[in-house]
Structure formats: C-alpha cells, structure tokens
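Listed next: structures, encoded as structure tokens.
What follows is chain A paired twice: with chain B in the first complex and chain C in the second.
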Partner chain A sequence: MAEILLRPKGSIGIMVEAEVISPNIFAGKNKAEIEGLLVWQGPVQLPLGEFFDVDVRSAAGLPERARPEETSILIEGDISRVKRIGQGMKAGWIEIHGCAGMHLGAEMAGGSILVQGNAGSWAGMGMLGGLLHIAGSAGDHIGSAYRGSWRGMTGGTIQIDGNARSQLGGGLVGGKIVVAGNVENFCGIRQSGGLILVKGSAVRGTGAEMNGGTIAVCGAIKQFTPGFVETGREENPKLGDVQLEGWYAKFTGDYALGKNPKGSLYCREG
Partner chain B sequence: MMASKNIVCPVCGASCDDIQVELSGDKINVKNACKMGNAKFQEIVSSHRISQPLLREKGIVRPCPWEEAIERTAEILADASRPLIFMGSETSCEAMEVGLHLAEFLGAAVDSNSTVCHGPTAMGIQEAGRVGATAGQSKSRGDLAVYWGSNPLESMPRHMSRYAVYPRGYWTQRGRFDRTIITVDPRKSITAENSDLHIQLRPNTDYELLSALLVLLHGKRPHPSVEKVTGVSISQMEEMLELMKSCNFGSIYVGLGIASSYGKHRNAEAAFNLVKELNARTKFVIGALRGHCNVAGFNQIASYLYGFPFGLDFSRGYPRYNPGEYTAVDLLRERDVDCALIVSADLVSHFPAACAEYLAEIPVACIDIAPCPTTMISDVVLPGVIDAMECDGTFYRLDDVPIYFQPFTKSPFSNTKSNADTMKQIFEKVKALKR
Partner chain C sequence: MSATIIRNGCVFDPLNGINGDVLDIFIRDGKVVSSLTGAEQRDATIIDAGGKTVMPGGVDSHSHVAGAKVNAGRLMRPEDHYKSVRTKTGITHGGSGYTVPSVYKQGYDYAAMGYTTVFEAAMPPLEARHTHEEMRSTPILDMGAYMVFGNNWFVMRYLKEGDIEKAAAYVAWMMRTHKAYGIKCVNPAGVENWGWAKNVRGLDEPNIHFEVTPRELIRGLAKVNEMLGLPMSLHLHANNLGHPGNWEIARDSLMITSGIVPKNKSELEWAETKESARRRQSVYLAHAQFSAYGGTSWRDFCSGAPELAGYINQVDDVVIDSGCVPFGPATTMTGDGPAQHDLYMLTGQKWSNTDVELECGSGVLSLTYLKSSPVHSVQWAIGLEVMLLIDDPWKTIMTTDHPNGGIFTQYPQLITWLMSKKARDDTARECHKWAYDKSSLGGVDREMSLYEMAIVTRANPARTIGMAYRKGHLGIGADGDVTVYDIDPGKLNLNDTTALTARLARPDYTVKDGRIVARQGEIVAVPEGRRYYCRPYVGDALEKEMLSDVKDWFKYYTVGFANYPVPDKYLKNPVAIPVNKPLEAEAMVRR
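Now for the complex of A and B:
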C-alpha cells in the first residue's frame, strides 16, 4: 500500500493540465520521482513539484513496490484550476478534499475517485469503468461523449450528490449516472444505452435524440421533449439494480430521431 | 475624382460585389450599398480614423513610431505564458492565416467572432452534417425560403433582394411571386410582416419546435405539451411542414435566434437534421446568415489549416478544440490567458463584463481603424487598414464561397499595406524575440 498526499502550494494562475495525477502513473514511484513528473501549464511543461507539496506514505513495505490498485492519492485543497486529474486511470483511489477542475476522471476505466467539493465540466467523459463520486455539484457534459462523438460513457458509475448542469450523459452507451439534485438541459442527449436517474427536476431536452437506454426523472420536467410518446404506467419500476418507488409514466422516444426509437423515459406522477 | 465599380462591401456576410464608389478628397459617394454598407464606406473619410500607432505607458497614451509599436506588440506576445490571439471577422483571410500560424508558433489560443456568433451553428454542422447550396443555387431554383431566427431586412438588408426572395432566377422567373416565405421569430419583425407565414414561437423554444416538426415528419404526433411550450399549435406546425414538403427547392436561413438562444448548437443540430430528412421528400438546403463580412472566413481557414472551425488551442503544439474550454469568452472569464492580441474586433464592447474587466488587467495589443472601448484598454494600438477599400484579399461569403476583393485606393500608412502585412511584421518580430 502506498498513500500519496498532494497539497497545492499556492493559488494557480494559468490552468494546469495534470493527467499524470493518476494511481497508474504514481504507482511504484518515490517522492522525488513524483515531484519530477511533468504537467502542462499553457505551452510549457513544468514538474508537479512546482505546484504541489508531495508526501509519500507507505503502510507496509516500500512505496516503490505498490501496484496501481494499492495506490491511493489524497489531494488536500482547492484544485479547481487543475484539469484532467485521474484521466484514463485503471485502478487505485483518488480522494479530493476540495473542488476539482475540468475533465476529472475522463476516460477512466477502473478504480475510484471521490471529490468532496464540486467538479468542473467534462468529468467522467467517455468513462469505461470504475466509480466517480462527486459529493458537491458538477458542471456540463458529465459522463458525456467528447465533442464530435456520439458515443459517451460505456461503463462504470457516476454519482453526484448535488446538481449537474447541461448535457449530462450525452451519448451514454452503458453504465449508470445518478444525480441526487437537479439537472438542466439535454440530459441524456443521444443516449443509446445505460441508465440515468435524476432524483430532482430537469429543465428541457431530457432524452432528446435518444435511441436506447433508460432515463428516470423523479421531479418535474419544465419543457418536455416533444418526441416522447406515453406507453403506460408502472408502479415501483425496477431499472437494472435501481428500485424506484411510486407511480411512473413511461414514455418511448425520441421520435424526432427516427421512426423506431428504443429509449425509455420514466417520469414520476403527481 | 475617382470612380470605381464592382467593389466588394466589407460589412455583412452578403459580400455584395456591385458597389460603386467615387472618392474625392474627404468625400465618398457610394451607390448600391445598403445603409450599413454606406456607413462603413464613410469610415474611410472619417475624422475618427486612427492615423498613427499609440502606446500606453504608466497609464499615459502617446503616439509612437511604427517600429516601436510592432516591437512592443511582439514583446507582449513573447513574454506571456499563454497568449490569446483574436482574429476579428472584419479583416481578410490572409490576415487570419498569419494569426493562426502565429498562434501555432506561440502555443497560444486563437479564436474569432464566430465564438459569440454562429459558432454553435458550426458545432451543429459537426454533429449532424449540412446540406448546403451557394446563394446562386437558391436564387435560381428556390421557391421556398424560411428565415429562422433571423431578420434579414434589418441585419442583412440586401439578402432578400439579391439572393432569396425578389430576384428573378432561371426557374423563378417571376421573382417574389414564384416564392413562398416563412419566418420563424418570437418577434413580429419587418421580415415577418413581409412573409406568407409567420410562426411566432415563444423565445428559447426553437429546439422543441424543430423536434416537433421532425416527429411529425416521422408520422407521430408530438407530445401535446409542445403547444404550450412553444406557443405554436400542432396544426400550425403541420401547415408549415406541408409547405416545406411540397416545395421544389427550399432554403432555410438560420440566424442567431437559433445559434444564440438557449439550446445553442443543439438547436442548430436539430435544424440540420430536419433539412437532411426533408431531402427524402424534396430538395432542401440550409445556411447561416453570417453577420460580418469575413466571419465565415475564419471557420474555413482554420478548418482547412488545422481541422477545427474556431476556438483553437495550440498549447500542446497541435490544435485542440473544445468550445467552453478553449474559446475566448471562457479563457477570459476563467482568467486562463495572460495577454491578448485583438485584430479588427471590439471585444470590450461585445464580450461579457467579466471578460472585459480581465482584458483591462492584462497586456493587450490591438489593430483597429477607429477608437472603441478595446482601443481604450489596449497597451498598443496599431492603425488598421480597411479591407476591400485600401487593400486586396479574400472574404468568405455567407454561403462559404470565397470572394476575392480589390481596393479602390491604397493604405494610408507608409509602413503597412494591409492588416495581413502588419500581422506578418508582428510575426517576424516575435520569431526574432523567441529565437
């Protein structure tokens, strides 16, 4: 086991892109090696040690021996100006006591990330597996496809305890996104698989251009997507491993996309 | 007295190429141009024209020699860790090309006016693809024109008379009488008043209306809530769709009502999808009414040189694109650049207040023809040359057709022939400093 503690040295000016902050890259490295990893600030590459105090603790044995799944990274402080943390990580644990910048856990395939504060836009973009837990609120494009792609997250779980903004789960193919609060526009746009559960309300465009998968909204939808046709009512529907309570109206859509769409939208009645 | 014919107008995306001017001393007489065009041509004899480089030092603005202004601009760019280069849309493609290469050299971010204009339309094209046509095609064949979220009589005054509604085309010999006009606009604009059908939707419901039309096209009835949401009855939607399906050649001209109302690129994407599917019934095309003379140019040049239409970031040496992250408004609001070179655009007037405030804090150099809030906050002001009047070059018209323009007079400055020339001088100096 190895535990690496990162503390931001001061406020960050031009935003930093630090995809090196990942258990896969930290695993088996000592303090000096981690401090020497290069991050991008604008067009220049600088060592991680310029921005963070690094402390490596080892529970048993040498940190150099720790494998990615035995590596945990603890970040103490606000890193909302640091992007791409945990990008592409495959195993291990990252915990952030503060807010995180854009692209947190983008394309992650395994392991877990917990953010105690808010996360910026594009968190969990194109996620393949693992768990991304945002205890605060999140920006736009969470768990969505990258610009120009129609295939977003394919696996894993994103849990947001606060609210998320627009285009949540855009192009979702698989996996699960649960939002305890509200979402704004175009939640689940171009979704073709997987599950999105919104416990609060949505503004507009919910399930727009959807062709598969499931969305459930427990609160109100302000501007309902016109291409959804009601197909029945269900009491206490079970969506995958998620058990909902109460009566739900079930819709199929989005008929704006084609003549035979297979997306399901559940809206709580009353 | 010097009279010139077939001058290209450097104002809006219509790129009218039939302007006649007579320039004599401090007077210019303009024929064929609209009010907007005429006003721009009057700039050439305006007393407001910036006639020499200006430098701000410790808060004091003073005129300075040309060389010093170029040197100082280059220093600002070379000393910064992350510059923003903003190539405004009222200059030539030739100047924009230098700006893009300069951004690549510096690892900078580079953007243009479409970032606050039809950028979402360009993003919609990337999502859905676009069935387009040249303006000449629509003139010769078009028997249905839909102005969606646009008001050409006030924003592109000659669009209706030159391209879309009134001109007699090969298959539209009777001009206006051979054409049906639909306007989709929350306001009763003068374009709407001159249309055969006005769909007065509620603001920010374009996506729902487009989506409902697609649902009807797929043989289903839209969810009944759409009538309350959009303020348009389903029977009115059916009437509109019937007109669209039964024409021989339809053109949709989208404006900022689509690109800059809520929904943004999703609205544009839905519009492109609707046009794509209408092509199963008849011939239908779609294009944007571009606001400035060369706002389409940046999209074209950036796309063919670097693969993306606007908001490019070169910080890693190769172009990256992610509107919302590398676009000018977001970079300035998030304080993620530390200097700016602004060419032929007044960002301080047109960007959100937080961006304008930040621009006032960081070193800024600009190239402009007349005093404006951006020149007031700039550390260096280089006088601009007016494209299509004082130098030759290329604009891309609203239908993405390149229009080569020739001047009727020459640059009033001995040190530069054009904005492209000024940009090259800055680039040379930056290279010398970075070597």
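Now for the complex of A and C:
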C-alpha cells in the first residue's frame, strides 16, 4: 500500500492540466519522481512539485513496489484550478478534501474518486468504469460525451450528492448517474443506454434526442420535452438495480429523432 | 549552390525503368542531375541509403485537404481534434485533427510519411479563395486544385446548346480566374437536381431546367479538356456514387470518353524519362471503390469490382484512383450533395450540406468504418480489389479519397495489404464474413512489388495529372523529391506486416527539392511549397462573346463580378502552366 498526500502550495493562476495525478502514474514512484512529473500550465510544462507539496507514505514495504490498485492519493485543499485529475485512471483511489477542477476522472476505467467539495464541468466525461462520487455539486457535462461526439460514458457510476448543471449524461451509452439534487437543461441529451436518476427536479430538454436507456426524475420537469409520448404508469418501478418508490408515469421518446425511439423517461406523479 | 547525394540506395523509379538497382541520386539546386563536380560533392549533404529503399517523393493526386468543405468538416467535428494533437516545435506550428487535420498538421503529416506533392480534388469556383488560402498556409507540400464543373450553369447551358467552343472558353477563363489545375466533374447533372431534392439515376436522364444529361456533360467536358490540351484528363466522380449496383453506370461512364484522344498542350520543359511521362488516359475515375458496388440493395450488397476491373483491363484510356477503406474514423466530404444526403439517411450521423449558387453543391458527414459492419467489410475488400484486379498498375492510383474512405496517414497500412496476402487474410479474419464472401478478394493471390508500389503512389499519379514533367520520378531535371524507406528490398519480409507498415509510415528521410524536410517522422525543415495552376487560352473574340454571357447571368450570383477572381496574392510560389497559348489558340475560332 502506498498513500500519496498532495497539498497545493498556494493559489494557482492559469489552470493546470494535471492528468498525471492518477494512481496508474503515481504507482511505484517515490517522492522525487512524483514531484518531477510534468504538467502543462498554459503554454509551458512545469514539474508537479511547483504546485504541490508531495508526501509519500507507505504502510508496508517500499512505495516503489505498490501497484495502482494499492495506491491512494489524498489531496488536501482547493484544487478547483487543477484540471484532469484521475483522467483515464484504471485502479486505485483518489480522495479530494476540497473542490476539484474540470475533467475530473474523465475517461476513467476503474478505481474510485471521492470529492468532498464540488467538482467542475466535464467530470466523468466518457467514463468507462469505476466510481466517481461528488459529495458537493457539479458543473455542466458531467458524465457526457466530448463536444461533437454522440458516444459518452459507457460504464461505471457517478454519484452526485448535490446538484448538477446542464447536459448531465449527454450521449450516455452505459453506466449509471445518480443526482440527489436538481439538474438544469438537456439532462440525458442523445442518451442511447444506461440510467440517469435525478432525485430532484429538471428544467427543460430532459432526454432530448434520446434513443435508448432510461431517465427517471423524482421531482418536477419545468418544461417537458415535446417528443415524448406517455405509454403507461408503474408503481415502484425497478430500473436496473435501483428500486424507486411511488407511482411513476412512463414516457417513450424522443420521437423528434426518429420513428421508433427506445428511450424511457419516468416521472414521479403528483 | 546546394547539393545532396543519396548514396547506394535501392532505387525504384518506374518512369525510368529502374527496379531496385543500387544507384546514387545527385541533386543540385533542387533538381536531379547526372553527376556533381568534386567540389560540389565535398560540400554536399550525403544520405547513406545503403540497404534501403529509395523512391521519388510521394504524389497524392486525389485528397481533400483545402477549402470550404474541409473546413466545414473541421468545424463540425471537435471530437476529431481532441485526441489527435501535434505539439509545436522550434520550427513547426502546433495542430490538431485526425480525419480532418489543420492545414499545418496536414503538411507535416504528409511530409513525415514521404509525400511531397498533394492535389486537392474538388474546388468549387466560389470557394477558390478559401481553398487557396488554406493551400497557402499548408507547409512543405507542392499543391494544386481541380475545379468542379459538372453542374456549372454555364457549362450545362453551353453543352446543351452544343456550343463546345464557348464551353471551352468558359472553362479556360474560369481556370485562369480561379487558379485551378484541372477539371473535376462530380455527379454530372445530378447535383443541380439536388437543388430540387432530386438526383439523376441514368446517364441519359436530363436534369431539371437545363435538361442536359450526364452523358452530354461527361463527353462535353472531356472534349473541352482535350481541346484546351490540359495537363490532366477529365477527373470524373461518377453518377449514383455509393449505391448498390452502381458499377454498371461507372463502366458506362468510362465508355463515354472512349475515342477522345489525350492531348497535352502545356508548354513545359520535361525532365528526362525512359518511359513516356505523358498521360494516356482521357478519363481519370475518382475513388473507384465507391463506384464499384454490385447487388441491388444493401441486403444483397456485394462487390462489383471484378466487372468494373474487367472493362478497365480491356481499354487503355482509363486511370482510376482507388478510394480504399482502411477502417476507422472518417469524414466523408464531397461535392455530391445528394449522395451525402443518402448516407445521412442511412446512418443518421452528423451531416452538413451546402448549395454553391450557380456552380455546385457539397455535403459533409462524420462516419466510422467498422470491421464488424458487413457493408464496411465489403467496402474494404472492394477498395483493394480495384487495385489488384486491374492488371496494369499504370491504370491505378492508391488513395483513400482522404478523408472519405480513410485517412491519408493510413496509406502505409494500405500498401501492406496490397503487398501481402497474409496481411489481407489476417484482416479478413477480424472482419465481418461478408468481406470475403461478397467479394473476390479472398481468391486474389497478387502481391504488389515495391516497383508496383512506386507506380501507384508516385509515377502514375504524377503522370495521370500531367505532373510527371517534374514529379513522380528521378530522371535528369526532375524535382529533387525523394523518399528513403528503411526497407531492404533483399530482406523484405511480407509476413512481418506490422514492421512493414511502421517502416512505410516513418521513412528515414523525406527530401523535398534536395533538402531534408523529415527525418524518421520528425519535421526538420519547413520550406514553402509551390502552387500549380493552368492558364489555358482560347481566341479573344470567343472569350469576349462568352464573357458577355457570364456578365449577363452574374446577376444571379451573391458576389460582384469584380470580386469573383482569386487575386495573385492568394498564392505562394505560384507556378502558372501555360496551355494552348494565345497564338495557337487563334486557330480555334468558331466553327
């Protein structure tokens, strides 16, 4: 087991692109090696040690021997100006005591990330697997596809205890996103698979251009998407491994996209 | 005075009949020479090519690398740029894009792969400025662009009236005005119908309003081409492209030009070659793969390549480029608006469409070719069939119709498939079974040699488009464009397909005008390329008569007549090729 502690040295000006902060890259490296990893800040590459104090602790044996799944990264402080943390990680653990910047856990395939504060936009973009838990609120495009792409997250779980903004789960193909609070516009746009559960309310465009998968909204949808048709009502529906309680109206859509869309939208009644 | 010597390489130079002979290549001031003086040799840059393959610099005669539709592809596909990035160096710009790279990245990527000359295959007249702007910003490469004429109002009107002289006068004026190199004809008569949400389905189906048929347009433009005596022949994108069963219309289209005698009336100094460097063909069919489909629908879709190749094997006046499909992401872009719409209806992918006023149209769509797809697997097979079933390599050119069938950076993979049956069999096993079941590729044993590869990637593209007066070979007086591959022809192992592809993708050296521009994939010098265009002439009286027609209809344009031409400043290092010089043209009076 190896535990790496990162503490920001001070406030960060131009945002830093730190996809090197990942158990896959930290695994088997000592303090000096981690400090020497290069990150982009604007047009220049600088060592990670410029921005963070690094402390490596090893529970048993040498940290050099730790594999990614035995590597935990603990970040203490506000890193809302540090982007791409945990990008593409395949195993291990990242815990952030503070707020995280954009692209947190983008394209991660395994392992876990826990943010105690808020996360910026694009967290979990194109995620393949693993768990991303945001205890605060999150920005736009959480668990969505990259701009222009219609294939987003394909697996794994994103859990948001607060609210998320627009385009949550855009182009979702698989996996699960659960939002305890509210979402804004175009939640599940172009969704073709997977599950989005919003325990609060949504504003508009929910499931727009959806062609598969499931969205459930427990609160209200302020402006309902016009291309959806009611197909019945269900009591206590079970969506994958998620058990809902109460009566839900079930809709199919989005007929704006094609003649035979396969998307399901559940809305809690009254 | 600068000199370069490429020593002891195994040289493949088909236009000079050199097949792997160990030779020294001498270059002085950018041109190939027979020898250098002792003093020149002492100061020369020397490349040791012992045990390596030396070819003329690569020539791509059909690629989409500049202009409005290419840029539309860039704009509508941010996801294409996200992961394909080239960081800047001390001498190069940064760039991004996989299927539609930025102009800088295109130039570097082509040069790093051993190519030095690339021609843009479709320039709408109204987008000529944009096309030249992008070519001006493309580093290293020598370039030119073919202008789209197959649905041009003036061409359709003159050919319907049977006034071929005026059509020739119009084409000549347009090529000078917009600095175009050749005549491209895209879905003749059909794209005009697309303005009314229709297409044409047969060669003798007149289109709306102009009531001109594809046959009249193909024959007319091919005749205009030879009346003017352009360096390249008519470049044809056949009707019904991309539809099952279209091989017949492709063959019938190629028959239309038979009997038309190729005449190159350009006034140029020709570098020395052993074989004739002048084109034989009167029609050059674009991306044959997309026009070699059998069956009647996508359900019984199959290859029509054996039938199309059967015809081409019988005639000597046709050259094709393949438009191969090497799998993976692509961005289809063509002046064939209706074909792109059909593809959109089929795939539901992102699609953009443009109507270019009195001239043509265009469509762009994002697409990924999958080995798991039955249709895509057959397309892969057809692309290789058209190269391998046409016996004479001097009738074929290897392309992907970048970025329609695939990306130009996939050429090394394509070459490997053409050179190795094992490579084809390996890929067929990963594909949908239709790849071999619905084509004849599985039964094709032919493996192209390095000599044949030099024909289909260098000598023939250059000869077909009339650039062999200086490109595509290493005869005395040719441009000093050379590619040195780390491939020992004596020890060529066609079973190690991965290594072969890797060596073709990263030549040891790319030399442009005698200067090393790329070394093992790294760009080491960034010279500015040349821009070629033709300046054909007809008689003054005829031109005047034609221009009064043009001015009369210019009221339908959204631009003013004075703003229509592309000014010289849009071209960097322009090379104007005089064709059918005014004196000679005086003879070409009306009837």
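Operating definition for what follows: the second predicted complex is superposed on the first by the 270 of 270 C-alpha atoms of A that agree within 3 Å, B and C clash if a C-alpha of one lies under 4 Å from a C-alpha of the other, contacts with A are read in each partner's own complex, and residues count from 1 in each chain.
Methods note: a contact is a pair of C-beta atoms (placed from the backbone, for glycine too) under 8 Å apart; a residue touches a chain by one contact, two chains touch by 3 or more.
Everything quoted here is computed from the prediction, not taken from an experiment.
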{"item": "Partner chain(s) touched by A:148 [first = chain B, second = chain C, both, neither]", "value": "both"}
{"item": "Which of chain B and chain C A:258 touches, first, second, both or neither", "value": "both"}
{"item": "Contacts of A:41 with chain B and chain C, given as first, second, both or neither", "value": "first"}
{"item": "Contacts of A:224 with chain B and chain C, given as first, second, both or neither", "value": "first"}
{"item": "Those residues of chain A which chain B touches in one complex and chain C touches in the other", "value": "147-148, 258"}
{"item": "Chain A-facing residues of chain B, complex", "value": "81-82, 106-108, 123, 126-127, 205, 207-208, 210-212, 214-215, 218-223, 225-226, 229, 262-263, 266, 270, 273, 314-317, 321-325, 334-338"}
{"item": "Residues of chain A defined as touching chain B within the complex", "value": "13-15, 40-44, 102, 121-122, 140-141, 147-148, 185-186, 189, 204-205, 208, 223-229, 254-259"}
{"item": "Residue numbers on chain A that touch chain C, as the complex places them", "value": "145-150, 258"}
{"item": "Chain C residues within the chain A interface of the complex", "value": "76-80, 82, 348, 350"}
